[in-house]
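The two complexes that follow have chain A in common; it is paired with chain B in the first and with chain C in the second.
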Partner chain A sequence: MNITWRLAWRNLWRHWRRTWLTVGAMVFCNMLLIFLISVQLGSYQMMIDNSLGAFTGHLQLQHEGFDEEQRIRQSMPAVAERARQVQELLGAEAVAARGIAYALASSEERSFGIQVTGVEPEREPRVSTLPGLLREGRYLSGADGEIVVGALLARNLRVAPGDEITILGSGRDGSFAAAIATVVGIVDSGIPDLDRALAQVSLPWFQTVFSMGDHGHSVVVRLPNLEQVPLAVTTLQALRAEHPELVVLDWDQLQPGLRQAIRSDMASAWVMYGVLILLVAFSVLNTQLMSVLERTREFGVMLALGVSPGRLARLVGLETALLAALGLGLGVLLGALLALYLQQAGFTFPGMEEMNARFNLPERIYPPVTLASLLWGPLTVFLGALLAAVYPALRLFGLQPVAAMRAT
Partner chain B sequence: MSAIVCQDLCKTFEQGEQRIIGLDRVSLSIEAGELLCLSGPSGSGKTTLLNAMGGLDTPDSGSITLGGRRIDQLSRGALADLRLREIGFVFQAYNLIPVLSARENVEFVMQVQGLAPALRRERAAGVLTEVGLAGLEERRPAEMSGGQQQRVAVARAIASEPQLVLADEPTANLDSQSATQLMDLFQALNRNRNVTFVLATHDPRVMAYARRLVRMEDGRVIDDVAQQPSGRPSVGRPSVGRPSVGSEG
Partner chain C sequence: MHWPLGSLLTLAWRNLWRNYRRTLIMLLAIALGVWAMIVMSALMRGMTDQMVRNGLATLPGEAQIHHPEFLLDPSVVNHMPMPAGRLLEQLNSAPITAWAARLRVPAVLASEYASRGVTLLGVDPAQEDALGSLPETLLEGRMLAGADDRGILLGAGLAARLETGLGKRIVLMTQDTANNVADRGVRIVGIYRARLQGDEERFAYVGRGALQELLGLEQRVTEIAVSASDYTAVDAWLPALQAAASPELEVLGWTELHTFLGSMLAVQEGFVLVFMVVVFLVLSFGLINTLVMAVFERTRELGLMQALGMRPALILLQVLLESLLLLALGLLAGNSLALATLLPLRDGVDISAVAEGMEMMEMGTTLYPLLALDDMLMSTAVVLTLGLLASLLPAWRASRLDPVRALARH
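On to the complex of A and B.
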């Protein structure tokens, strides 16, 4: 080992209690950051999965303009075929076609505006969690004349499985669309907006009722994770060569509020982490300043021998880097153990279970252990510690050898 | 050629309102190979003069020439480089790096000088033997006596083979026996290697070794005499590195 490294390492242990205290502060801070960041990232992941999984999926193929205007005429022909094509292009399992129309639903007693969605009953459960959230009855079998409605809508219309609903609207060609459907199931998603308007029928019947021919409004894709979205979007852009009227929308465009909500939550979390890191950086600053001040004579002798202040500053920098590396190594090690445990055992805080149950979220978070959640915090602490050494190191440049050697 | 030429050196220190005279028109010429002692009462300016000659401090006026080169106008960086490469220093005490062993203390300075590791190791072993510390290379300063520590400092000072060694009160913290051994070492190095030694001291034991005695008072040179060194009988040449020098360890 180089003498400078040996010197730095041994200097660290001249006050071993002080060094361990500082390392301990860094380790504690690193573990806390790993815990907080992995729970945070885990809950974002859960939030995204749940809100995308409910209905919108990770990306959709639509007619241009449909997302904003939702006009029935903004449809794509041969929607089921298109869905099979997308499935092949992406090699993805979870792809389904949908048709969407707005209509008036009436029971014997009341009428309400609804969004009728025509779905492929055997494929829909792969892209959406709604079919799995039935409170009563069963999901669509594929037969004509069946409808599944949201829990709030069912309550508003005062219908139960077996009851009939009249649907009135206008078809794609502007003609009058009317049908009678029998309620077969009631979905309770926990999301009031969905439960109030949700009404699903099978796609072929939807196409008949609304004079759609083979048209539909979207092809929905659900991917195993968010990381695959950009590539899938690029792949699907190829379809536009043949069908320039189609657009590919990713989850961010489909649910613009989601990323925004995550961003602002992150911003407030980073402020808290920043304060934590600042505290640790000050503890390092304090330690290193003390260690520099108490060695004034020693540094004076070294300066007198002709060692440059820059080299002494680098020595202090190296000492700090070693100190910070200890904090980083131990912190990441212990933090990783903690994170791995949480990944297995899950994590919940008081009140979370009730809240999550209401929104149909899992009761516990199982924060995934990622390189980002393990390293982001500790590396920032490491950099903060190095920055904290700048001031003590700069003091060395002001040292005069003669004066420093006279210091007591 | 003169090793050091000082001409009309003046230095004053400001301490609050007070102006303290450190050096008052000091002129001194030191030949290569001399063993010179600066003596005089406390506060007479010995350290100030030594610091000026070693480039540790700059005089207010006057000139200093070291080996034919003016150094009184050099920048801080250039002075540091000069001290590193051309001058060996031995200070009063406690001037070793406490966490490094004797060998590492010697090697550290050579590393700063940019010497290759193999050469450093070889030279460090050589000079430590020369100062009589063979076998104690791996001891830390705290594990050595004051005299041994000072000899490590000497080894460090001469490792890069400077032609000039400046020592400020090198024996102040040493017992009589250690002081004598240290001076024997200086004398041997002075004779064998023709290294110029300038020592500042109160210590009569040290002065006894000097071949030239410069007495100072109030920042001025008041006396400058050549003398026959009487420290040790200079019958034959005491060879350094033998147990006679380093028997203490």
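On to the complex of A and C.
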């Protein structure tokens, strides 16, 4: 082993209490960061998956302006064919066509304004998790006159499977649209906004009731992961050559709040992490500065013996690096154990349930252990510790051997 | 027993500055920690405060009175009489500052092009004004003139979706108590802009009297919203209101009406404390380190003091005093720094870049940090209590030195 390494290692253990306390500060901070970052990244991932998976999908093909204005006339012709075309272009399995209209729904006792969605019953379960969240009854079979409603809407309308709902609205051509549908299933997603508004019927029947012909309002695509979205958007732009009135919207355009909520949360979280990391850096600075100051005489002797100040600075840098590496290693090790435990056992705190429902999160979070969540925090702490050694190391260059040897 | 506090204090103070660099770095660390504790909690508190305020402006009020079935079944069927007698007396007495009796019913609005489901509010503008629950910004036209105004006030977002505008007529459809569809053409007299876009599309306002007439519900309402202008002090007047209301009515405070806001506030209170303790824990390693080293350097000196007859208890006290001085100075610096940061931000921090994300949390586009004396006191308490606790170990070790061995050290 190189002499500088040996010196550095031994110097580190001259004051073993101080060294362990400094390492302890780093280990504690690293574990804390791993815990916070994995919960944070885990909940973002779930927030995106749950929000998009419930209804929106990763991208949609729509008539220009429909996303903003949601007018029934902003429709695209031959929507089912268009969906098959998208499916072929992307080679994706999860593609479905939808139609959307607003209407007054009346049961025997109650009336509410609702949004009726026409879906393809055999394809909808591939793009949306809602059909899988049935609390009662069954999903649409494709037959005319069937409707699936959200749990809160069912409660507000006072209906159960088997009951009838009258739908009143206006069709695409402005004509009067009226129909009677039988409730076949009730969906309970746990997301109040969805459960209050959800009403799905089969697309062909929807097109009949609302005089849509073969028109629909959107083609919804769900991809295996977020990374594939940009490429899919580019691929679908090809469709616009033939149909210039269509637009391709990705999840960020469909749900602009989502990315911003994540961004603002991320910003405030990093301020907090920054403070923790700075505090640890101060701890390291203190330790290294003290260890340099108390060795002034020793360094004076070394300088007098011909060791260059640069080499002394390297020695101090190496000591800090060893110290920081210890904190990094132990911190990541213990932090990984903690993260693995959380991945299995989940994480919750009192009050989290209500707050999470707001962001489409389950009541317990099982943060996945990823390389990013394990290393992001600790590596920043490591860098912070190295930077903290700069000042003590620089002091060595101003040292005068004779004066230093006489220092008390 | 004699406690020479004065000289101990002098000793502690001088010891603190023997190694001024170490003390300064530690002071900086404590100040930064305290600064972070106060500034972060002020930002969090400001955020929650605004969420609660916005939530209560939409709710509206800090308490509401309903027919007991209304919350589960928000239908016009569950109506109740206008307040009278003891309830009216209670509503008009301090500390209640405003109340409004309203009809809240689901309805469908249809223009010639489109229709949308909305929550229709039949209001008395004078009462709502006092409550501050009417939209703040009027884009076009006028507000409702009185409870008998036969026009409708729409949000700009809803008007766009209905492809309609000021002065146009739209059809209002709702359900009367016999579950018949009651409809009437109404003229749009005003277009408003809400703080949150969602509200703009959800709420439409009509005159209470006009709606009562349409539904055949003379002098009946579905909701009474009550405010005393301070959401933290609801418990002080809610019981009296509950006692004054007839037993057939349900009187609930906002924490029960809007459970998300209630739990949000509770979580935030807890989180502030957790954050402070966590910051302190990271800080405490440095603090213990500083004290351990300070004691270590003075082993001989401490041994000599003991050999000369200084009691261990006084040595313990001296080290604790040193730690206390350090913490107090750090607190002073941290608090001043936090004040200096927060005062210029009093008028709000612009967060419109993430406005739509904030809307998910019922926030506007400006964040007003809220500096609470409680938070400053809490951070001081956390730092002093935990700080002294952490100093106990090095102080105890200093007091248990064997004088002979300590003196023999170099």
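Here, the second predicted complex is superposed on the first by the 347 of 408 C-alpha atoms of A that agree within 3 Å, B and C clash if a C-alpha of one lies under 4 Å from a C-alpha of the other, contacts with A are read in each partner's own complex, and residues count from 1 in each chain.
We adopt the following convention: contacts are C-beta pairs under 8 Å (C-beta built on N, C-alpha and C of every residue); 3 or more make two chains touch, one makes a residue touch a chain.
As the structure is a prediction and not an experimental result, all values here were calculated from the model.
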Query raised in the report: Should A:314 be classified as contacting the first partner (chain B), the second (chain C), both, or neither?
Result: neither
Report task. With the two complexes superposed on chain A, say which partner A:103 touches: chain B (first), chain C (second), both, or neither. Result -> second
Query - Residue contacts on chain A - larger count, chain B or chain C - result: C
Query raised in the report: Which partner does A:84 reach: the first (chain B), the second (chain C), both, or neither?
Result: neither
**Report entry** Partner chain(s) touched by A:69 [first = chain B, second = chain C, both, neither]
**Finding:** second
Query raised in the report: Of the two partner chains, chain B (first) and chain C (second), which one does A:14 touch, if any: first, second, both, or neither?
Result: first
Query - First, second, both or neither for A:280, with chain B first and chain C second - result: second
Query raised in the report: Can A:155 be said to touch chain B (first), chain C (second), both, or neither?
Result: second
Requested in this report: Spell out the residues on chain A that touch chain C in their complex, using ranges where they run on.
Outcome: 15, 17-18, 21-22, 24-25, 28-29, 32, 69-73, 102-104, 106, 108-115, 155-156, 158, 168-170, 174, 256-265, 268, 271-272, 275-276, 278-280, 282-283, 285-287, 289-290, 293, 349-355, 357-359
Query raised in the report: Which chain A residues qualify as touching chain B in the complex?
Result: 2-4, 6-7, 10-11, 14, 297-298, 301-308, 311, 401-402, 405
Query - Of chain B, residues touching chain A in the complex - result: 51, 54, 56-57, 77, 80-85, 87, 89, 91, 94-95, 97-100, 104, 107-109, 111-112, 156
Report summary line: As the complex stands, chain C meets chain A at residues 19, 21-22, 25-26, 28-29, 32-33, 36, 40, 43, 72-75, 77, 106-110, 112-118, 160-161, 163, 173-175, 179, 181, 259-260, 263-264, 266-267, 270, 275, 278-279, 281-283, 285-286, 288-290, 292-293, 296, 351, 353-361
